[in-house]
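Naming follows writing order (A, B, C and D), and every chain is counted from residue 1.
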Amino acid sequence: MTQYQENATVARIEQFTNNNFRLTLLCPQIAASATPGQFVMIRVGNGKDPLLRRPFSIHQTSSGGRIQIYFKVVGRGTEILAQVKKDQEISVLGPLGRGFQLNLSAPVIIVGGGLGIAPMLFLAKENYRLKRSCAADFVLLGAREKNELEHLLADFKCLGIRLLTATDDGSLGHHGLVTEIMQSVSLPVGSTVYACGPEPMMAGVNKICRSLGIPCQVSVESVMACGMGACLGCSRPARDGGYTHVCVNGPVYDAEELLWSL
Amino acid sequence: MTQYQENATVARIEQFTNNNFRLTLLCPQIAASATPGQFVMIRVGNGKDPLLRRPFSIHQTSSGGRIQIYFKVVGRGTEILAQVKKDQEISVLGPLGRGFQLNLSAPVIIVGGGLGIAPMLFLAKENYRLKRSCAADFVLLGAREKNELEHLLADFKCLGIRLLTATDDGSLGHHGLVTEIMQSVSLPVGSTVYACGPEPMMAGVNKICRSLGIPCQVSVESVMACGMGACLGCSRPARDGGYTHVCVNGPVYDAEELLWSL
Amino acid sequence: MEFVIPRDENLPDLRVNIGSLELANPVMTASGTFGYAREFEGLMNLHRLGAVIVKGISLYPRAGNPPPRIVETACGMLNAIGLQNVGVDRFITEKMPYLQGLNIPVIVNILGDSLAEYEEIAARLAGVPGVAGIEVNISCPNVKKGGVAFGTDPAMAAAVTASVKKKAEVPVMVKLSPNVSDITVIARAVEEAGADAISLINTLIGMAIHLPTRRPALANIIGGLSGPAIKPVALRMVYQVARVVSIPVVGIGGIESAEDALEFMLAGATAVQIGTANFVNPRASEDVLEGIGAYARAEKLDSIRSIIGGLRLDKHVPDMRNL
Amino acid sequence: MEFVIPRDENLPDLRVNIGSLELANPVMTASGTFGYAREFEGLMNLHRLGAVIVKGISLYPRAGNPPPRIVETACGMLNAIGLQNVGVDRFITEKMPYLQGLNIPVIVNILGDSLAEYEEIAARLAGVPGVAGIEVNISCPNVKKGGVAFGTDPAMAAAVTASVKKKAEVPVMVKLSPNVSDITVIARAVEEAGADAISLINTLIGMAIHLPTRRPALANIIGGLSGPAIKPVALRMVYQVARVVSIPVVGIGGIESAEDALEFMLAGATAVQIGTANFVNPRASEDVLEGIGAYARAEKLDSIRSIIGGLRLDKHVPDMRNL
């Protein structure tokens, strides 16, 4: 697995809500080698503070050597990142981590909640590109409210995969949790579920999958310093009693490898 | 002496050379109370690094509540400052320090070298505004080369005070040091000399003044943390054997109060 | 000493006690970073300060170190002022009248070269109107004689404390040096010697080099590191000390915001001091005070005292981030 | 051990010696910040490193601390990894073959719970092909047993050094803890006990609190502070130690650039280690190396050795700034 440190040019900045942004970054080497579920570590400034890079899922790649990240301002680092200017250069390290294992021979259900939608577009696109037919597949997206979702839908819709949405306030799609719509779709034996979102959502998705005997791959988070297995900082308790390192063993796991509290 | 901490709006950015900039800042309280020779402390960023404010002489003030600073990029702080955008807000603290003592009843010679020209425009303007006649006065400006000087000249010229220039490379005015042109102008007894520039220049100006028995006021620098007498960091050896604090006792001194090595 | 503590009934109760001294709020200014208060007069409301701590005072005036005395470092600064000050007698006649007029507790930071000097300074401050407390600096890294030695040896630290206590008529707070192997040993020693409170930390000893000239950035070669860079060390030491002493602990080190101050209080500090931040934002202490008030209101605290030492250690919530 | 030191005749001479070990250049990677080197394979040219120092190895595998293990601070970070590692035996079989193939000196950082454990690890490393040196970590703040105690007591530090020296067949470098009152005392103790070199500093002990949850930011509560924030402390300690020992000193702490590295060398360091900077810029060590080369060329140095300890203390040029 080869990784690159590239000075990426900011090609496009989209602001969806007060706090939700999408950046298009020109970093050809990373774009060419990334697979769905992998992430990048971005240096938000040139100075010594904030010191560490910030991890972001690869939202999608383009043949023009671009990648996108979709992120929310939650603290100092993302605040600075939200202020980048077009054509500015920022240092991007990637692609990092182990991504999703595609299942090209059976139905897949892709479940994204909140910012967890970020890696799911790349996954859905690759799934669509490589698979003979997506007729049995589903994309289920949840968010707090309509304006956190609507700008993302076009990119999913053009794949023609069946798409269902849920919002906490009912402003778009199902009024409630994405796990609720999941229970309304049929999950045939042999299908694979992919989930990324808040911990309780992923725990809920996993619970449903387990009860149906369906494998579930989740993409999880952790605090990270290096993103490449060097610092051992990103540990997460594993089912086997030890720790797993999200940056190299994940961020995508078979949900059964991890511990869930629901 | 009242001081203010204002969130100043950047009203105008002028770039004269690769490294020389002039900023116009809207900070009405500071503008209204500043006198020539005083300075401001500017916070170049919002973060924790670089931590300390940077001192800059007040280049001129305007009745519209503006001040100007004229500065050169020499390190991290000035590098960041050179990248401010129009309409951005930056925190300015001032006016600080003791400025020049005007002499309205006798000829004055204003000598500025390099970035030391910065405070001299404000001084020349006040001298012109308050004095009956400037017919016997001189402004002497020195710099390394033409393009460090030429953009500043218009503002001086419109005062009608006699203006002589010197450049190290001869690209504008006298080919040599500003102290050399100083020896070519008559310095009548009773006149006052004001100088700001590199230490050797000020030492040279002072030597000439001393030999003629003419008082010389100089504006000097020092590393500063607070700019307001609180940290005692900006000490400079004084002639009396003790230390003087440039931010409160200066930056303008009677040259005889300080120690000079030439 | 008695102070009229302004207590707006709509405001949360921010009062805290440092020994017998009640402060209107837990925000003080750190010695050496706030001059003699007057410097900040026009830039903030001095009357709102919980207390003001003045620049370190010695028995005789000191000229301080040659320049350069300060240099910026990553998220911090080094200083080697060398305790320049006017001496205790001129402090009393020249500086105290203004300070007394502020009607807030004035805590005098003192430093001596010997036990006798510490005792003598305390004696001269006894009965001076307006002096509400003494902070004993046993930790300044910039003075060759005395200074460090007192702060790193528990027996000496205790002896200094006892000397000052002998003469002091106001609460005595001892300010510890962080440049020690085990801060709790020193803390316990000064508590046993009668300290009414402990403040920490003073600066970490550091150094910077100016590569182009290949010279030390400070004429004194070494200096004291302060600012946000040292906050993690300060917070750790406050936490460790607060667990082993029963006198109040005052937190110092890189505090810039109300969040910083509240973290120190959770770690066990009864009050805090704002140092280097005063240089960056001359009204930092007032901003911190307002932020603490806003927090107390938002969290519906009856008294800010309720968060002192309130760090939750029960069960760690793994950082599941913010997806 | 012998290494083929690539020596381009057009390049300045950057070789330095750590005891009997000659390094092609003074740039190493610090333990715990560079994994087992392979992680950086595609991101920089590993063959150019002066030496690689691997993550701390203990006698038996360790699982490390529960998360969160890291948190960012002002210009720095805290870590409480808890010395997670595969143990010395698996290190030798699983990690050494790759490392040996790099054809650069591999220095193994070791940590034990007792003198016997330190000795045993050294014994197991004896004769392992590719191991060019041992770095003895007596300073990790994150392991309850051993760790800190060894690093803060001169007698214990000396005893650990002697134990390792008994079995080691390669130069032994002892890595000091900065969390002590007087670093020179520990440095002299390990020198007398036979250390071939001293590296410093390990992390400062610090703490961070997550205000919204009122909990420590690290599950371990305290952790080790690293990064640019600690550079002034590290530089000061290197300066102090280099003046009192005659063995080589290796500087560590917040080094991000060639300028930083050169400052440590002026202060007395023979070589440097790049730590936290590897996380920010995975090719930091190569960038530092190139910068040192450029400096040596620009300053026309015959050998980089000529700047070691070259700090100029003669006469201070007052900071007249840049007008």
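The definition used in the following text is that a residue touches a chain if its C-beta (ideal position, glycine included) is under 8 Å from a C-beta of that chain, and two chains touch if they have at least 3 such contacts.
Keep in mind it's a predicted model, so treat the numbers as computed, not measured.
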item: Partner chains that subunit A and subunit D have in common; value: B, C
item: Labels of chains that are neighbours to subunit C and to subunit D; value: A, B
item: Remotest chain, subunit A as reference, centres from CA atoms; value: B
item: Which of B-C and A-C has more C-beta pairs touching across its chains; value: B-C
item: Centre-of-Cα separation between subunit C and subunit B, whole angstrom; value: 37
item: Approximate Å spacing (C-alpha centroids) for the pair subunit B, subunit D; value: 47
item: Geometric centre distance via CA averages, subunit B-subunit A, whole Å; value: 55
item: Multi-chain contact sites of subunit B, meaning residues that touch two or more partners; value: 48-50, 222-223, 236-237
item: Sites on subunit C at which at least two other chains make contact; value: 66-68, 74-76, 227-228, 318-319
item: Chain contact graph, described as a line, ring, star, complete graph or other shape; value: complete
item: Subunit A to subunit B touching residues, read off their complex; value: 47-49
item: Subunit A partner contacts - residues on subunit C that touch it in the complex; value: 74-75, 318-323
item: Complex interface listing, subunit C residues touching subunit B; value: 32-35, 39-40, 42-43, 55, 63-72, 74-77, 79, 81, 84, 227-228, 256, 276, 278-283
item: Touching residues on subunit B, where the partner in the complex is subunit C; value: 2-5, 43, 48-53, 91, 93, 222-237, 242-243
item: In the complex, subunit A residues that touch subunit C; value: 48-49, 72, 74, 113-116, 196-199, 221-223, 236-237
